[in-house]
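After this come two complexes, each holding subunit A, first together with subunit B and then together with subunit C.
And now, the complex of A and B:
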């Protein structure tokens, strides 16, 4: 456990050193700029738009943080060969994968918290109550969704031979992750066994990110904030990443570096 | 032998974890499907609205509706479209509320614009009914429906009553204040109309409505029908 924490700390510090948190500055400029433009464009629904845009931006920048952290790690491992230095230390390969995952997830968590704080500040300056439970829960779900996607990214990172290839696949997983529920719904309306099987494979294998997309369902939250929904979603957010990390560790164990 | 044993253990762990993640995924999806209305899901006709498909794919459907709303405001605010009678207005509101059927402000604003500014009552009623179908609990829409129906029947006492009720809600479109003021100017005394515009001028947060209220007050004062214009000027200065 101590070794996993040490790797996580190293990855987290690396994210700082590589200025991944600069994404936050982009977010702040983006959000404040947008809120000013929105004030001019749509005075009467300004607050709704600031919330919608703020949550979208948190989601987008959380994904970008993941993509950037992954790019930096892959570049350093493959091009600068930093992985060789770690492999000679008494760190098991599965510990390295778990630590790397936790490091990236902490970086994302920190970004999400700071971006949420910036959004809450903007809302407060506009005279709104920033401590709205729905807003906080949506931010939490965005973090959980990105953490689930990060676990899939771990598999991609051990399989990938190039950084761009890994990021392109991650991007496709992000889109398909949002479409899984919809694909399954369409498949149920069609009498096509092949399409249904393909939809099922995507549904069960890829991360179901739509479960975490509460920002598009905020006005119909009746069942979604209930423990009956929260429990399976949180369980999914725990077990799916554990499964992905086990698979990533098994693949990583077979990799040769020297 | 040890390798085989390790392989079996690994496969078992993966199978158990996969089973649990499938189960939790299914359980959560079932609740999601139950709680979300039909419109939430992409269907076989969704390809007709590419923007919606794109926004669903990236998880920003509500933001897409906001962008559609800004397009609608730009369309309605452009005087060049006035000569066509803003013929695409209904389509704009329909698109916004297809992307986000819970965007209640779009129904009230769009319905009021279609009925009271453009006198397209059937389209206005259709929009308000769509709003009621998806938001039955947002009962302010019933006030708008009543106002539009009585406006079409030209029963001014009743439609003014419905509009006055609608204007009591803080989330009303500022346009309602302007419509009501213009109606007061037609059917009430200059003093009553001026008192209303002074109230709007002092309370509204909408700059366009504030400016409109000021201009209407000037017009009423210049019209010379007020019993005591000095009072109005004093109230404005306060």
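And now, the complex of A and C:
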């Protein structure tokens, strides 16, 4: 456990102190602030507009944080060969994968917290209750969805032979992750077994990121969500990454370092 | 006296490394190492020489387990290098090491110390000790972006020593250093060797190899062309450069 924690801390520090990432966070906070301007255009639904725009920015920048943290890691590991110094030390390959995942996920968590704090501050300035449960849950599920995608990124990172290739695939997975549920629905309405099978494979193989989008899943008039929906999604957010990390570790065990 | 298996800390038996073809038609297989056998004795400083592309770094990476041999077998302290207990007893300094520029030297060494499971009580003192040894004591809390190339080399040496290893693998440890750095590295190697450490290193700097090594091997086109003690080289060839040139020329002709 100490080795996993050491790798996680190292990767978190490395990512969180990265200047490009710092600029990204600043940009994210400014984007959330920009929701004030956007909300002026829709005065009757001003608060809803601020929340929707803020959550959209959190979602987008959480993904960009993942992409950037992964780019930094892959570049330093593969191009600058930093991984060679680590792999000759007594850290098992699965420990390294677990630590790297936790380090990147913790970086995303910190950024989501910062962006959420900015959004809550704006809501408070507008005289709203910033501690609204629905808002906090939506932000938490955005984080969970990004953490699930980060586990898929771990598989991509051990398979990748180039940094741009890995990031392009991550971007595809991000888009497809939001579309698989719709693809499955379309396939179920078609009378084509092959297309249905292909849609099923994609649906179960890729991370289902649409599960974490709570916007259209409001359960009560007060804007709350059903526990029957939330709890299985949390279980998914635990099991999918565990499985992905096992697969990534198995691939990583065979990897050579040139 | 004939050496026994117990005297060897590193054993390389008939190791061959062939890299997978990289071209589209999968035809260009590169044989980087060809049936190399070597035994390194406990407490010696062993220098591996060779031209660029001779296979020195590949051999070191195979010994360290970073690359898997296509054929043959490697053992360190009688066990495979993948054994965690073996890894705790080795140190490795790669050529032109890179460290994250936003971290401080003390943080980087603390990370490696945690990987080795060094006790928290002694960790701080251990970090201070290796930083002093490599001459970076006053730069412990400076971010790496403020480090020169030579300072990064020294930090590379510090991380290789953080676990007080029994065997030290150094890949071009003097590249990037100035003449003062050469001398300091040489002094460190000799001091460590006096403490019983085995040192295996690759280098192009023949004068330094001549000054520190007990035994030397020359690699040429993936094969060991010659292995000889430093005393014998001095007796027969007078200096390392003459020895190296003679061996490489002879290997090239055969």
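Here, the second predicted complex is superposed on the first by the 232 of 258 C-alpha atoms of A that agree within 3 Å, B and C clash if a C-alpha of one lies under 4 Å from a C-alpha of the other, contacts with A are read in each partner's own complex, and residues count from 1 in each chain.
By our rule, contacts are C-beta pairs under 8 Å (C-beta built on N, C-alpha and C of every residue); 3 or more make two chains touch, one makes a residue touch a chain.
These figures come from a predicted structure and were not determined experimentally.
A.B. asks: For A:162, select first, second, both or neither according to whether it touches subunit B, subunit C, the two together, or no partner.
C.D. replies: A:162 contacts neither subunit B nor subunit C.
A.B. asks: Please indicate which partner A:192 is in contact with in the superposed arrangement: first for subunit B, second for subunit C, both, or neither.
C.D. replies: After superposition on chain A, A:192 lies in contact with neither partner.
A.B. asks: Is A:208 in contact with subunit B, with subunit C, with both, or with neither (first, second, both, neither)?
C.D. replies: Only subunit B is touched by A:208; subunit C is not.
A.B. asks: Scan A:242 for contacts with subunit B and subunit C and give back first, second, both or neither.
C.D. replies: So A:242 only meets subunit B here.
A.B. asks: Give the label of whichever partner, subunit B or subunit C, reaches more residues of subunit A.
C.D. replies: Ranking subunit B and subunit C by residues of subunit A touched puts B first.
A.B. asks: Scan A:41 for contacts with subunit B and subunit C and give back first, second, both or neither.
C.D. replies: The answer is first: A:41 touches subunit B but not subunit C.
A.B. asks: Return first, second, both or neither, reflecting whether A:52 touches subunit B, subunit C, both chains, or no partner chain.
C.D. replies: After superposition on chain A, A:52 lies in contact with subunit B alone.
A.B. asks: Which partner chains sit in contact with A:216 here, subunit B, subunit C, both or neither? Use first/second/both/neither.
C.D. replies: So A:216 only meets subunit B here.
A.B. asks: In the complex formed with subunit B, which residues of subunit A make contact?
C.D. replies: Where subunit A meets subunit B, its residues are 41-45, 48-49, 52-53, 56, 59, 174-175, 178-179, 181-182, 184-186, 189, 203-204, 208-211, 213, 215-220, 222-224, 226, 228-229, 232-233, 235-236, 239-240, 242-243, 246-247, 250.
A.B. asks: Write out the stretch or stretches of subunit C touching subunit A in their complex.
C.D. replies: The touching residues are 61, 64-68, 84-85, 87-88, 90, 92, 94, 97-100, 102-103, 107, 111-112, 114-117, 156, 159, 169.
A.B. asks: Quick one: which bits of subunit A touch subunit C in the complex? Just the residue numbers, please.
C.D. replies: Within the complex, subunit A touches subunit C at residues 2-3, 5-7, 9-10, 13-14, 17-19, 76, 80-82, 84-92, 256-258.
A.B. asks: Under the stated contact criterion, what part of subunit B meets subunit A in this complex?
C.D. replies: Interface residues on the subunit B side: 10, 13-14, 17-18, 20-22, 24-25, 27-29, 31-37, 40-44, 56-63, 66, 69-70, 73, 102-103, 105, 109, 173-174, 205-207.
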